[in-house]
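Order as written gives the chain letters A, B, C and D; numbering starts at 1 within each chain.
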Amino acid sequence: MWGRSGWGPQARGVGLSTVRDLSVGVIGAGYWGPNLARNFRTSPDWDLTAVCDLDAGRARKVVGPRSTVEVMTSVPELLARADIDAVAIATPAATHAPIALAALQAGKHVLVEKPLADTSPAALQMIARANELDRVLMVDHTFCYTPVVAKIRELVADGSLGDITFVDSVRINLGLVQRDVNVFWDLAPHDLSILDFILPGGLAPLGVAAQAADPLGTGQPSVGYLTMPLAGGGIAHVHVNWLSPTKIRQMVIGGTRRTVVWDDVNPQQRLTVYDRGVDLSPAGRTDKAAINVSYRLGDAWAPALPEKEALGQMVGEFAASIRAGRASRTDGPSGLRVLDVLEASGRSLTQHGRLVAVGQPAELTEASA
Amino acid sequence: MWGRSGWGPQARGVGLSTVRDLSVGVIGAGYWGPNLARNFRTSPDWDLTAVCDLDAGRARKVVGPRSTVEVMTSVPELLARADIDAVAIATPAATHAPIALAALQAGKHVLVEKPLADTSPAALQMIARANELDRVLMVDHTFCYTPVVAKIRELVADGSLGDITFVDSVRINLGLVQRDVNVFWDLAPHDLSILDFILPGGLAPLGVAAQAADPLGTGQPSVGYLTMPLAGGGIAHVHVNWLSPTKIRQMVIGGTRRTVVWDDVNPQQRLTVYDRGVDLSPAGRTDKAAINVSYRLGDAWAPALPEKEALGQMVGEFAASIRAGRASRTDGPSGLRVLDVLEASGRSLTQHGRLVAVGQPAELTEASA
Amino acid sequence: MWGRSGWGPQARGVGLSTVRDLSVGVIGAGYWGPNLARNFRTSPDWDLTAVCDLDAGRARKVVGPRSTVEVMTSVPELLARADIDAVAIATPAATHAPIALAALQAGKHVLVEKPLADTSPAALQMIARANELDRVLMVDHTFCYTPVVAKIRELVADGSLGDITFVDSVRINLGLVQRDVNVFWDLAPHDLSILDFILPGGLAPLGVAAQAADPLGTGQPSVGYLTMPLAGGGIAHVHVNWLSPTKIRQMVIGGTRRTVVWDDVNPQQRLTVYDRGVDLSPAGRTDKAAINVSYRLGDAWAPALPEKEALGQMVGEFAASIRAGRASRTDGPSGLRVLDVLEASGRSLTQHGRLVAVGQPAELTEASA
Amino acid sequence: MWGRSGWGPQARGVGLSTVRDLSVGVIGAGYWGPNLARNFRTSPDWDLTAVCDLDAGRARKVVGPRSTVEVMTSVPELLARADIDAVAIATPAATHAPIALAALQAGKHVLVEKPLADTSPAALQMIARANELDRVLMVDHTFCYTPVVAKIRELVADGSLGDITFVDSVRINLGLVQRDVNVFWDLAPHDLSILDFILPGGLAPLGVAAQAADPLGTGQPSVGYLTMPLAGGGIAHVHVNWLSPTKIRQMVIGGTRRTVVWDDVNPQQRLTVYDRGVDLSPAGRTDKAAINVSYRLGDAWAPALPEKEALGQMVGEFAASIRAGRASRTDGPSGLRVLDVLEASGRSLTQHGRLVAVGQPAELTEASA
């Protein structure tokens, strides 16, 4: 059916599959857990067996009335169950590593809400353990499962954009000002995980510079900017902000051949590919004095995108990677790369916004531009 | 007449005024000069006497057919004329100071296209000379004469926004990649002059951090970001970009009480005032452990704005300040403040984007956030 | 939480109520039934007891896994159950009346998907039967339960708009071209039910003129226009269209004092109230030769609207009207008024689009304008 | 230069042409005359010799200061001048025919502001006289000279859209409520002239149905709807409205292959071509019982459009048609076809909106749909 919510029978493949459903327990019934539970429940791949939270009432609310999904309050008890194949962890970031390590130890496959962990050593430990035990460790980088990000990745990969010249990402809205996490840790994992997914070599900036402000005096930055020089001369920039009264979610991915604009609050045309830009004559690249600039002012193109809920795709990928015994599209290392940039942003903030290296505490010594 | 161009008789006060028109010569018939000439020509305050350019044909084209406006090719000859009260300089930035100084010396009032000069010492000299000779020195910060910027200034000044928490300005479009000027010097004067006009104390950031890229290898940055911590804990940020296929001109001015969004490419609703934001309990400000955050999700409001061409207002202000013997709304010092930030951005670029002080070459020693 | 889906515990009042939940069965598991089922299931007022469809598999899919909601295939068996208080009918329009009449006879309260019935005599019979048996008969005019329509109704009722001068509604999108129903019967019930809800006297046009086309030769109009002169000199107009590649859902409600624009595909600003318009001097109204027209070009205002799912509000109203023994906000007579206009549109189509009276087959003899 | 107003020397071909400029006088210095004068003045093809108005002051204002363009107050004197090749008439509609006939008689080529005349007999006389005297008679259907309309015409002509299924045009804004002309005569000439320009056979509807309202009691309809069945089963519809606080100028041109949406108030993307629609199997067209509907949900495409001022193109076409001795793209007959539909709309209004034939006062007897 057309332009409709697609909650129809044809939308799902229930009953067609001969493989047995995987059984999953969701740990954490706070903000994100209910979304995970809802998607596991309606997925053709999964059987949502239990929802676990210290607060039984909260878990019961997620399960809802007239349901046989179990409510549990003990993570160890959940992990001890032999009928559960996997767990999805949607608890505070600081608890991700201990719960995930226990779950891996218990033989479960593990999905973790972003960020993967609260420190990179913890993330490294999780990745190592999953490897040793041959379990899937996946991070819920939700946006990587949207049709629009899949399309952008494809356009980058097939050369439609040419070389990436700049990426500018804005993610601003009234947001919950939090005391234990700043605006970078809350919002930037989305932008960074998308960059990791679409950039040819993953998220590997030459450095990170961070600027931020806490104009309300809450003790945590609520407005922040990340700048990341890229190999090849390009630049990526992220603006995250909890104080904006309007929601802007826009990413521009500039390329030498074409440029993509993703406006996520415009459901009528989320993605536009512009065949416009600046051309240099071949000579221009080598001999700067003789540079020859020209412009292309071509058409724009809005590719048709399927309507698929990202979380549904994500839980499907979790099942597929378990069944195939392969890494998921958003695996532990991708979560670690995001974490590395977040940690670097903290170091830059303490150095007046100076560009710092990623992945090591030493100051970056090479210039960026 | 409604929603129409207003090129009607009622739009101008021709014939009502008893004061004699001021006589002006426009110097430079390149990109901006024709716009100045057009507005002087249709202004009730001015008599456009001459257009001067080294290339007579270019000047003649600005003057157009069946016109008695004179075409001149010599600036000294223009300045020597006793029947000319003022000149408007629209030549390359490096020539602003010498031409302006000569014009002041010749007793002319001077309007200069932005930026005021190419260096702050040159600008200081222009300001000093205009003071000594009691002539008006004005810089054409065009946006300061738009109805939307006038409204924003009013909302800031009357306390409607509360304290400014952040300003985020985006000015991106396909732009002429230039070899002698980078993207900051080309585009950021607009944003900086607007900030100078609307911020309570003018443009006086605690420092400037600049990040930029030249992904096409043209020898000049074509994508750039400026970050400026503000007194009081707020932050201003400017994104300028010559490589974007879409034109975005948006400024968000966040305040503790209300927040304004100016979307200049939306002629239907350029300015929206949001009565939304984050509130802290009074206790929260002093005792951070006990901070109490709440949210206002109020109405939005789009004030009616008159339709007035900014350049027409600007040349009117030039005449009014000459007649009243007062500084114009965008005087020499405002041009200098913009220049100081542009120069600081260059110093920051050479220091890996570190925050540097404005107005002095020494590195900033205080931390920003 | 801000700008988020609100699937949190605070969103619902489960456990707070001391009244017992009402029990409901949903009849029809095709396109709309699943939406009704989902909302009954998550409503604090309702216990979804059964889903009934001739196709058990389709009903089972609506119920989903790990659920104790019953699947039934016989309407008589459902109606015979004493533990069911109400039914919601989401079957083809021609079956609404027989099922509803049987349900009322069985003592059930009845909610019917729009349109109320396929003919006005059938609707009249349903209304009469519900009155005799003292049961609630309600039609699911979903849009009347959106915050935006509630706000518009309020603005009309409190005089903010003045007298209504015109209503223009556009509802176009790629739609399922159907063989048994034309575009008016499929889409216009939405517009007509909204008009019924917001106009001071309900939907009571002076006549209906309909124009339509079937450019693809499918046997049913897929593009249609309804024009309805209103008492007082105003006019309402509806454009419905299955062939448009873009989704436009826009309603402009013009008033002598203010005018409202509802753009339903703009989630950032669905509703804007314009303090603009045309003013006539008081003399103007009586003495046309001396008419004095002036214009107001005032501010625009976008009222904050709560985020509430319309269907959740609708099933809440169904419960509230049952408990209070009162008519619902979208009762049988409102469904009948919508039906009367739809039937009149058919008569107009057969008369070259001539204006015809509503509610009686005779041609309208008074002129409209 | 990019994204700029292009008021530069390269924009015009002054000096390149060896043909002598044509000399023109503009008659009427009210609302539209100044726009014509401005474009003749800056056109490489034309020499604006005189502006003529009964009110010399008004004409002088159009001419402006320091100009040798002559101000005249007598049309006969203007027409008597041998040095004038052509006149442009921008006076009230009722005076178009007498002035144009006199001008043709005097050997001038004639451009007339829309509508061509106030009655179709007057228009027929103008057309006949221009033919006899071998002069160009052209109507200023300005929109036909915009790049966007040129593109739409091309897309229709080359089959990109397939057969036209519907055209829906909305042109609403706060407009000058007028006592001597209704909203159809004021605004619909734009829509009708565009239809005439883009439809394969020109504007030749099977009939016209008009509905209108005068909710303010000004004596003239200020809200109006035109419906026009097209040969082949399609339908065209026009909504014109002086009372809307927001400006909507949108035209959707539906085709069996693709559909075009023109949103004239969105300068970022005025024109979008959607490769979406409804497909019928070949069998479906002949055997309705076996009809087979499917959907295409393809990409959208926004063709690059040059930035050209329509009026500049229009005066260029006037010169070109004079020089080539050919009919202009918007000639007398096109003005007459527009007039015929306007007159038919008046007849329909007096018959309760019934569909009436175009071009003859008799009622239409064939059904439309």
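The rule is simple: a residue touches a chain if its C-beta (ideal position, glycine included) is under 8 Å from a C-beta of that chain, and two chains touch if they have at least 3 such contacts.
Note that the structure is a prediction, hence the values are computed from the model and not measured.
Asker: As a test of understanding: of all chains, whose mean C-alpha position lies farthest from that of subunit B?
Answerer: C
Asker: If you tally the C-beta contacts, which comes out ahead, A-B or A-C?
Answerer: A-B
Asker: Using mean C-alpha positions as chain centres, tell me how far subunit B is from subunit C in Å, no decimals.
Answerer: 52
Asker: When the centre of a chain is set as the mean of its C-alpha atoms, what distance in Å lies between subunit A and subunit C?
Answerer: A distance of 39 Å separates the two centres.
Asker: Considering subunit C alone, which of its residues make contact with at least two other chains?
Answerer: Correct list: 2, 174, 176, 246, 272, 276, 295, 297, 300.
Asker: Please give the residue numbers of subunit D that touch subunit B in the complex, ascending.
Answerer: Those in contact with subunit B are residues 1-5, 7-9, 12, 14-15, 31, 34-35, 38, 41-42, 47-48, 57-58, 61, 64-69, 173-176, 246-247, 265, 267-268.
Asker: Quick check: in the complex, which residue numbers of subunit A touch subunit B?
Answerer: Touch residues, subunit A against subunit B: 163-166, 168, 170, 172, 174, 176-177, 179, 207, 209, 211-219, 221-223, 225, 227, 229, 232-235, 237, 239, 241-246, 252, 254, 256, 259, 261, 272, 274, 276-278, 280, 284-285, 288, 291, 293, 295, 297, 300, 349-355, 364, 367-369.
Asker: If you look only at subunit C, which of its residues touch subunit B in the complex?
Answerer: Going by the criterion above, the answer is residues 2, 269, 272, 275-276, 295, 297-304.
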